[in-house]
Structure formats: structure tokens, C-alpha cells
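Just passing along the structure, written as C-alpha cells.
A, B, C and D are the chain letters, set down in written order, and residue numbers restart from 1 in every chain.
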Amino acid sequence: MGLLEVKDVNKRFGGLQALGNVNLSVAENTCHAIIGPNGAGKSTLLNCLVGKLIPDTGSVMFDGQSVLGRTPFEINQMGISRVFQTPEIFGDLTVMENMLIPCFAKRDGSFALHGIRSVMSEGELRDHAEQMLDDVNMLDKRNMHSASMSRGDKRRLEMAMCLVQNPKLLLLDEPTAGMARADTNNTIDLLKEIKEKRNITIAIIEHDMHVVFSLAERITVLAQGTPLVEDTPENIKGHPKVKEAYLGEAA
Amino acid sequence: MFGLDKKDASLLLIVAVLVAFAPFLLNPFPEGSAMAQFNAGYPDLMQRFVIFGIFAIGFNILFGLTGYLSFGHAAFLGVGSYAAVWMFKLLSMNVLPAIILAVITAGIFALIIGYVSLRRSGIYFSILTLAFAQMSFALAYSVLTPITGGETGLQLALDDPRIFGSATTADGNIPVPGLFGLEMRDSMELALGGWVFTFNFGYYFCAIIMLVAFYLSIRIFRSPFGMMLRAVKSNQQRLNYTGLNPRPYTLAAFVISGMYAGLAGGLMASMDPLAGAERMFWTASGEVVLMTILGGVGTLIGPVLGAGMIKYMENIISKINSDILHGWFAFLPDGLEDLVVTMIYPFIGKGWHLTLGIVFMLVVIFLPGGLVEGGQRLARLMGRKKAEQPKSAKTEPAE
Amino acid sequence: MDAIILQILNGLDKGSAYALIALGLTLIFGTLGVVNFAHGALFMIGAFCAVTLSKLLTLSHTVIDETRTDFLGNPLKVEVPYVYDVFGQATGDAIIDWAVPLSILFAIPVMILIGVVMERGLIKHFYKRPHADQILVTFGLAIVLQEIIKYYYGANPIPTPAPAAFVGSFDFGALIGFEPGQIIYPYWRLVYFAFAAVIIAAVFAFLQFTTFGMVVRAGMADRETVGLLGINIDKRFTIMFGLAAAVAGLAGVMYTPINSPNYHMGMDFLVLSFVVVVVGGMGSLPGAVLAGFLLGILESFASMREVIAIIPGINQVIIYLVAIIILLTRPRGLMGRKGVMED
Amino acid sequence: MSKGNLTRRGVLKTGAVAGAGLVLPTYLRAQESGFTNAPTGSTVTLGFNVPQSGPYADEGADQLRAYELAVEHLNGGGDGGMMNTFSSKALQGNGILGKKVEYVTGDTQTKSDAARASAKSMIEKDGAIMITGGSSSGVAVAVQALCQEAGVIFMAGLTHSNDTTGKDKRANGFRHFFNSYMSGAALAPVLAANYGTDRKAYHLTADYNWGYTTEEAVRTSTEAMGWETVGTVLTPLTQTDFSSYITPVLQSDADVLVLNHYGGNMVNSLTNAVQFGLRDRVVNGKNFEIVVPLYSRLMAKGAGANVKGIFGSTNWHWSLQDDGSKAFVQSFGTKYGFPPSQAAHTVYCQMMLYADAVERAGSFAPCAVAEALEGYQFDGLGNGPTLYRAEDHQCFKDVLVVRGKENPSSEFDLLEIVEVTPVDQVTYAPDHPQFAGGALGTCNNGA
């Protein structure tokens, strides 16, 4: 029984079968990559996991509980954090404030009316957030206006915001999209470090095979909304069906 | 001090001092002098300054922090006034129950309207609030006349029950609102040389409440809740995926700001026990938007400044008529005098709306941060002259 | 039955004005992404174009008539319009009589000019600013415009009648078998309806069948792509703004005989027309037109005595009520595209 | 009367000689004069609170003209206007009680809040001893209540609702203008005489207090003449296009349409009604007629040719030929170049009546002035012999029934007087049901 169990999920948009009978199992403490050509349904699947979309049929179980019908914030409270393809951070807030918000969410739940207490008086949470910032080497930037940072820093901040919640499952949506090679390698190192340090389960959607093969322990290949194969990276590399799917796309 | 950091505490202190000495500060010109026209230190206007300050502070908690632009906030002010006047009619002329009921009623009203309106955001939210407020106005002006007094407004009468107070005063008049025997209109005048300063009990009562309201708003701005509200404005998607539900946060902000409006309405009724439906018209909601923007949206003190500026224009500038103008420029040769008066007249006196519109546009175009930003720019300009300070990237978004 | 037919006519007539204003509002929103609170003021300025022209046409010199006296007992000063001197009294009267239709010719260039100046001078700088800022600056502009008009024309309504040829009513009922006089409708209101239909059709045809319109429509769908194609979309958008201003202005010109214009007529229509746009769907031109007529008809029915007897005050709130219901149940409006400001 | 340290409007005054830092209570103004804003110097300040922005701004402007004229006359300038024809000869042309009249102006914006704010500023800041003006009943009632509370006299401007001197009457407030009841009582006989007693009326009524009282008044009066009311519909204040309210009239068997509208509402509803050809209709064998209970020349101008032949009532019209009216029109017309409106006339009268009452009372104290006005009979102000009734502070005088003129000779010559209804016909008992509820209370000197 994996941490995340997707069973027979179907999703149609009008005449388009976006997902057809998807089955997926992500085991605890592994890094599981989902790859596939454009339009394979990777993003749709991800959206079904986090509550943005509801599958037409099938079930999605996380940690023994169904996520279907729950809103994104409820699913986050269950322990799933998501990193977006383009960094989604609170641009009007400082880096430190960006970090504090997930800390509050973790401690107080989805809503708490602390209207009088001062943010400054939350020593414990602040220490926690600073620790995390230190882990991603951003402590010196904590008072910066987050919108004014570089894209790479925004990405690191977003990742830190997800990690500070100590999620059971971290979902990464093309975390290196549009990055230069050096940055990509840095990200890979960061993710590896996180994984080793924190014993965290990661599900990653990625185009870049270099990233996938450096990180993933299991790989699921999606094509036209259906999983083709699921296997270890070594086996996937030479798999004829995978080649066909990617070549088919190229042709 | 009071759980505020040094900067906020000194801001609060400055505001408290300004408010306490307002009767002096607003009456800088001696009685009877030509400039006395510009004095604003009389009770009614001073009360209005602080009451609309409260209204704008509350509006800013919603608009400044969450970015939700409500175009129907005056409805809560109106509801608050109606509730307060009804308390005066039914219960007693003590202002405390009236103000408390005003806040509660406005809060409930805000909860209902907010619950529905906050299901949408952006322009849709604005239109929804506008629609609710316009409905409130239209109904209050017409079919609800038995409750609201309609066109003439809800006012006190000699035959009101007032179960905990006397229906009439000893000399056969309607009693006036007060606080345990002290009447809101009690005033003390101090004449110093040519100056006359008026210290009005009602003003100081409102001023203390305003300071409390201001203090609370600082606390809200600096609280986790305030931070969440700014996060709502900044990126709702991220907030959702961070495990936070934006809806109760925005609703709480909406209700709190509605209660501020109700408080302002209750105070207005306490200073002047009449509630009119025009208070709820959409242009009245537009006015508080103007105040907040003029002063500086999202800043702590801006809304209060904006409220003061608009009320000053409405009450002082609008009263300058052509005779007064001719008086000012009498020293000029006749033809020139007429010319100058003709050029200025469209903008003041009855043309004050025009000036307001122009000032407002200029602020939105050039000073999106309002008067506060203007002040900061000025200060920075001065500061740079003094010493070439290193440019710091540090900005305080909520200052 | 006849009552219902009449209310539908009323609704269509009111709807014409709503639709015309909402059409311009949507054009601006759809092309430029700007929420224009000054659009009502453009409608009002259009109406005052008609007022101005009729004032210009009746520009007079005074002749002292010794045989009559004025209210103070002095010899009466008779105003003789200059057009009498040029065209003679009969033709002069006819020209003055036709002032409103003539104003169309006057209003088109004026309104386009105002629109272009507004866009280049002000709105242009607000494309990148949040909607709230756009609302605020155009709201300020609306106040300024209406105060200027009030300064020059006063606060009271100014009568601007339709040409004598359009005075009176058309007997619809007789046409379809009712008793004469049962279903009658004023000629000018029918003219207004027809005029609105022509303008709406013209705008749609313009967008549908010209290259210019095609680019604009593409721009409405995806601004960046069109920009990438190297088409100077900004210039076209300026023209669109002028066009929208002209549509609002013409709606105002033709409206003057129905209700005497005053300086705040724009604000009176503004809130309503926004509701119309939102109900129709932000950015949807057919939606704006449809919602305009629909709300006009609903408003007319809600004002019937029989309806008010059941729900008192419904005539006061019907429009807002409909807006609230639509927004809550179908946020993108009746015909709005999915995903356009749907939230 | 001691309330700790705070005494109502107590004044602590130090002479400049006494020096700063030493604050000595030398005297209390309140105890000295006994009323709010007692004039101490050689001048007296009056507050003119008129709409300067908003839909009634033009009427407000005309009122201001009349006020300026009245001030000029009271101070001995100009030709004296109606001071010469006024039956009381107490006014000397040397100001009021020898004090030169000065004034401040405020903008009511035709909103009760704004009106009260500007009235308060005139009382509190400028020391106005009397407030006057206004162009709507909502404002009049609101300001009247304020003046009662503050202890100054309120001389109402244009306010026509029964409530002003009915359920919302106040001891410190006085109304010269006529009211809804009087409109109905004056109109009904004229309507009966012209249109017959067998008529079916349909009312469109503005959905607010003034509309309600006017509809009630006209209905009661016309029904007493034998008319039948077949329908009444309330129309929203913010309505601009009345077509959907007018077409049902076509469907009913009504042969008279009564438009209980004022201002922009009246202009639009009348214009729309004429557009729909109501005036060309023949119903029940009779010509269809339209009635506008409250006419104003400024509004008639907005409706243009549509007013022709339509009956209504008005407080006063410049074409009246009595000495008072002629004198007023002469002096107003000479100064401004056009004839005054009824709004201007009523406020000019109010100024004269106030000044005269102060002279006769020998004091500015509101209670003394009120006493001088109560039950006061006068003449020469354009409406014939008039009584300021003590019970409700309403003036009782002749009411004009007017009709839109068919061939106006100028833009001011829009109405013709059909009948001057004698005062007896429009007088009612103070406890008349239309005026029931409310009480004057006692006059308040404030201070």
C-alpha cells in the first residue's frame, strides 16, 4: 500500500479523454517521476491529486484517506504540498513573511483569527522559518521583497515554503522548466539533499530526462492519458513502448 | 508599548497627540480674521474628521489588505446609524447601547452580504457589493419608510418610548444623546487673545474611540491575520495550496471592516441623532474609496488623512462663495480682480466636486500610494539632500 | 395581452439604451482590458452634444420690439436666431427643429476625438495597472467631466425635443388586430430602437467583416500573440476606444428627446450599464446586447402594478437582484467566455 | 446647572492683558444672553443653507440670489423691494435691531446629512443665529430638527411635504411655503370645473415621503369632488425613463393622469407621458388630461413644450399683479435680469418675516422670535393676507392654480395663473389626519 494510491481515474473534457484508467501507486519515501509527451495528461493528473480537478470516476487515496471532493487547502492540510511550474509565491510580501504563512497553516490549520497577536511575537515559528531559509541558503534574503528576486530564488523560496510544512508528499511540477543547466543541477542537488535529510516522498512531473534519471526511483510513463509502463529508471531507459511514445510525438 | 514596535507606537502617539490638540491645530487663525474662513476647529467638523477616519480605517482593512474593492460599504454605515437611532428611540439616550447595537447590526449585515459577495472576486465582487448597497438604499428610501423614515430620515420624536430614559426633557424638548449625564454636545470654549478654541465632549468621545479603532487596526496589520489578508491580495492560489482557506479570512476582514463602518454610523447618530438613506447611496460608498485612495491605500494613517482632506473640502472649501473671493482679491485692480475670481471660482465653493475629482485623478495617476507616499517621497527627497544615504532595498509593504 | 406587448416594447426601448452603453463598455473592456467608469459620462457628453448644437443653432442677436413689454415693463427684447438671417425663418425653423438628428453629424467627430484623447492621454497609462486603479481613475474622470458640464449648462434638465415629424405615436394595435389606440408607441422611441439596432449591427459587421475588425477580435482573444505578429495593435485599440466613445455618444444624442438631459444622467446609467455588462459576460459583445434587452424587459415588467402588488418594492431592486443571482449562479455571465475574469 | 467641570457651552475667556498661561473664567456667555449665538457686535450672521450641488442646484442658486437681495434691502440698500409693501413697518432698513446683516452660505447637496453638516458648521463655526433655505422636504425636516436641538430658528425654504409642519413639525421651525394638502385643496375645484366631476384618475407617485403626502392630499380632495381613483403606482426616485409606468395607463380606463413627481422625476415623467400621446387620447368620451400637483417654473423649463395646458399649483408666480409681487419682481429683475422663481420668493419672504419678528420682539432669542411669529397676520408679501399659524408654524395664504402657457413669450413666461384660491379654501384644522402625529414641543433657546 503506497502513500498515494490512484485507482482507475478517468477524466473527460468534452470529447477529450484526458485521463483514462490511470492507476498509480507512490510508495512512501521514494521519488516517483511521472513523464510523458506533451498532452499526455500529466498536469491533469496532478490537478486531480491536489483538488483542483475532480476525476469523473476512480479514486485517489492519500495516506489511507480519499482526497476526492476536498479543496486544495484541505488536501494540503492532509500533507501534500505542491510546487508550481512557474513559482507561485506571495510577491507583495517579504521572504520571511512568505515563509511564515505555511508555518501558520501547519500550526493553526486552514483558518485562525489571530487578529491581535503580533507576528513578531511568534518566536518559535520564526526560528523554524529561519532554519528552513538557512537550509536553502536564503537567510540573507529574508527581509527582501520577494517579487524583486530572481526566478531561481523564487523557485527556492517556493520549495522552502512547501518543505517548511514537513509535507508527507511533495508534488513538483516541472521544477526545472526554463532553467539554465547550472541552475538545473543546483536544483537536483537541492532535491537530493532534501530527500536524504528529510525522508520525504516526492512525486515529480518532468520533461527533462536528466533530472528524472538523477532523482527518480520509480517512473510512470503517461501517454494519451493512460499509463504505459511503470518501472525503475534503468528499465524505463530502454523500454520500446516509451521510445515509441516519445518518437511518435517527435514525428 | 501596547504590544507595538517602536515605529508603530510612535505613530500611534503622534496621532493621539494630534487628535488631542486638534481644537488648537485646526483653528490656527484668529476669530474674525480673513483667514478664519479656513478654520476647521468647530465640533461638528472635528467629529466628522474622526468618524470618517474610523470609517476609512475600517475600509482600509478590507481594501488595503485584501485588495477587495467594495463599492457598497456605506450600507453598513447606514445600517449602523439606523440601529443607533432606534436605540435612542426605544431605549435611552445613552450612546453606549446605541453604539454597541450599531456595531453588532452592521456586523451581522456585513456577514450576510459578505458571505454572498465574497463568492466572487475582482470587479464581480465590486458589482455585487454595489448591488447590495443600492438595494439597501432603494428600499430604505421607499418601501421601508416605516423603519427608516425614508426621505426625511429616521429621527427622534417627543412620543418615542425610551423605556430607560425620559421621553422629553424638563423643558419639553427631545433629549440629546449623552454618556451618563454628559451630553455629546457639551462644549467648553477657551478664548486666548483673538483665538477661540472649542473643546467638545462629543469630539473627545469620538476621538478616543477613533484612537482605539486605530490601535486595533495597527494590531490587525501586524498580526498573522493581517499577514494572511495581504497574502490573499498577493496570491490566492498559493494561499490555497499552502493549506489556508482564503474565504473565512476575507469574510472576517469584510465583517470587521463592516463593523468599523457600523461603529462610524453609530457615532454619527450619537453626535447627531438622525439617520438618512442617502448615507447608503453608492456615491457615499465611492466617497470612502476616495478617502482611502487619497490618503494612501494599505497604509496605516493614510485613510485618516484622506477622510480629513475630503471632509475639509466638503465643509470648508464648499462654503467659499464669490463674495468672499471678491473680498480676498479686493486689493487687485478691478478688472484683474474679476478675472482672478472668475478663474478660481469654478474650483471652489459650489465647484468643490470638480476640484475633488481632479485631485483624486492626480493622486491615482501620480501617487498610487496617496498622500502618505507623497509625504514619504518628500521626506526621502529631503533626506537625500541631507546625506547621500545608501539605497536600501528594504521596503515595508504595510507601512 | 396588450399590456404585455406594451411592456415588451418598453423593455426593448430601455434595453436599446442599456445595450448601446454596454456595447461600448464591453468593447473597451474586451479590447483594452480596461474597466471604464467614465463611460456613463461619455453618454452624457453625447447628449450634451445635442444640447450644444441646438444652442448653437439658436444663437441669437436681440431685436427690441417696442410694441411689447417684458416682465419689468421695459420694451421686449426679442431674440432672433442667426439662422433666420441666413436661411430665412421657415428654413431656419426647420433646421432648429431637426437639431437632434443633425447632432449625430456633430457628435461623431467630437466623440471620437474625446475618446482618442482620453485613451492616449489617460487610459493608455493604465493598461498595466490593476482593475481597481482603472475603476478609480475613470471614476475621478467621470466626476470631473460631469462637473464641467454642470458648470456650463447648469443642473436643471434642458429640453431638447425631437423634430415635429416624430411627435406622436404609432398605432401598432390597429396593425395586428387590436382596437385602435390600445397599443400605441411613440415614433421617436421606435426611431431610437431602430437606431440602436443599426448601430449594433454596424459594430458587429465592422468587427466581423473588416480586416481591422479581425485584428481587433484577435486582439480581444489574445493580445500578446497579435502583438508578436508585428501588428500595431495599440493604434487599433485607440481607434476602438474612439469608436466606443462614439457609440456611447450617439446613444446619448438620440436619447435627449426621450428624457431631457442633465449633467448627472451619465451616473444614472453608469451603475446600470455595468450591471448589464456583468450579466451579459465581461468581454462578450453579444452578451452585452442580450443582457441590455433582457434587463430592460425585466425592469419593465417589474414596474407593473400587478407585480408590485405581489412584491412591494420589486421595481426598485429588480436589476440588482438579477445581477446578484446571475453572478452567483453563472459567474461568467450569460454569454461570457469561460475563463475570462471568471472568479 | 452644574455638571462637574463641563458647563454647556461655557466660555472661559482671558483678556489678552491677563496673559497666557493664566486662564480665568471671566464670564459665561450662556448666562449673559441665554441663547445660542447671541450677536454681540454690530453685526448679526444668518446662515443660508441651499443646494449648490446636486439636482436642485439651480433652485438653490435662485434662492441665494433672493437672499442676497433681501440682505441688501434689510441693510438699507437697493429699492427696498417688498419691505415697502410689507404690512409691518417695523423694519427700518438699518439691519436687524440696528445690527448689520451678514451671512454665510452652505451647500445642502440635497442630502439630509450634508445639509445638517453645513447647518451645524454655520451654527458652530460662523455663529449663525438663524438657518434658512433648502429645496426639498427631506432636507427641511432634517435641518429643522437640528435647529430645534441647537436652539436657533429655522425658516424653511422650498418644502412642500405635509410632514414639515405635520408629523415632523418643530417649535423652532417655520414654513412660509404651501404644502401638499393645500395643493390638493386648491387644485380639486379647478379640476372639477375644467374637467368635470366624473373623472377616473391614475396616480404615479414618487416613492418617498413627499410623494406619499402629495398623493394622499390630491386623492382625498379630488375624490371629494366625485372623482374616482383607479390606480396608483409608486415610482423609484432614481427612475429616469417612465415609459413602463405610463403604458399601463393606456390599458386602464383612467382619463386623468396625476404625476406626483418633483424635479427631474417630474420633468421626465411628464415628457414621457406627452410622448405617449396621452394628451391626444379620448377615454370615456372625454379628453385625457394630465395634472402636476406641484409646479415650479424652473422645472417647467426642463419639460419644455410638454407643460402646455397642464394644470398644477404653485406658491407664487412673478406674473401676480399685487403691489408686493410687483415690487419684488421689479427689484429682483433689475438686479439679475430675469424674474424670480417661487423658490426665490419664499425665501425672500422668510427673511423679511424673520427680520420683522426680531424687530417686533426686540430680541434675537429664538423663543422671543417664535412668539412674535406665532399667530402673526401680515400682508403685502405677494400672497395676500397671510397668517403664521401658532399651532403648527405653517403660513396660511392664497394658493395659485396655474396652467402651462400655450404661447410663452419668453423662457420665463411658461405658466399662467388660472385661479388664486382664497386662503379659506385651503385652511385645515391643525389636527387634520394628513398632519397627525408629532408635536411642536417647546421652543429652544439653546445656549
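One rule holds for everything that comes next: a residue touches a chain if its C-beta (ideal position, glycine included) is under 8 Å from a C-beta of that chain, and two chains touch if they have at least 3 such contacts.
Because the structure is a prediction, the values reported are computed rather than measured.
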item: Most centrally placed chain, judged by C-alpha centres; value: B
item: Chain at maximum distance from chain A, centres defined as averaged CA atoms; value: D
item: Cα-centroid distance, chain A relative to chain C, in whole angstrom; value: 52
item: Centre distance in Å when chain A and chain D are each reduced to the mean of their C-alpha atoms; value: 73
item: Approximate Å spacing (C-alpha centroids) for the pair chain C, chain D; value: 36
item: Chain B-chain D separation of Cα centroids, rounded to whole Å; value: 32
item: Per-residue multi-chain contacts in chain B, two or more chains; value: 138, 142-143, 353
item: Chain A, residues touching no fewer than two other chains; value: none
item: Chain C: positions in contact with at least two other chains; value: 316
item: Which pairs of chains touch, using the document's own definition; value: A-B, B-C, B-D, C-D
item: In the complex with chain D, residue positions of chain C that touch it; value: 2-3, 6-7, 9-11, 13-14, 17, 68, 70-72, 76, 150, 154-159, 161, 168-169, 181-186, 188-189, 257-260, 262, 264-265, 268-269, 299-301, 303-305, 308, 315-316
item: In the complex, chain B residues that touch chain C; value: 63, 67, 69, 116, 119-124, 126-128, 130-132, 134-135, 138-139, 142-144, 282-283, 286, 289, 293, 346, 351, 353-354, 356-358, 360-361, 364-365, 368
item: Complex contact set, residues of chain D against chain B; value: 3, 5-14, 16, 20, 23, 29, 52-53, 57, 64, 104-107, 111-114, 116-118, 120-121, 124-125, 136-138, 141-142, 145-146, 148-149, 161, 163, 168, 207-210, 212, 234, 236-238, 437-439, 441-442, 444
item: Complex interface listing, chain B residues touching chain D; value: 39, 42-45, 48, 138, 141-143, 145, 150-153, 155-159, 168, 171-174, 176, 181-183, 185-194, 198, 201, 272, 274, 276, 278-279, 314-315, 318-319, 321, 349-350, 352-353
item: Chain B-touching residues of chain A, taken from the complex the two chains share; value: 50, 71-73, 76-77, 81-82, 84, 88-94, 97, 100-102, 104-106, 108-122, 143-145, 148, 161, 165
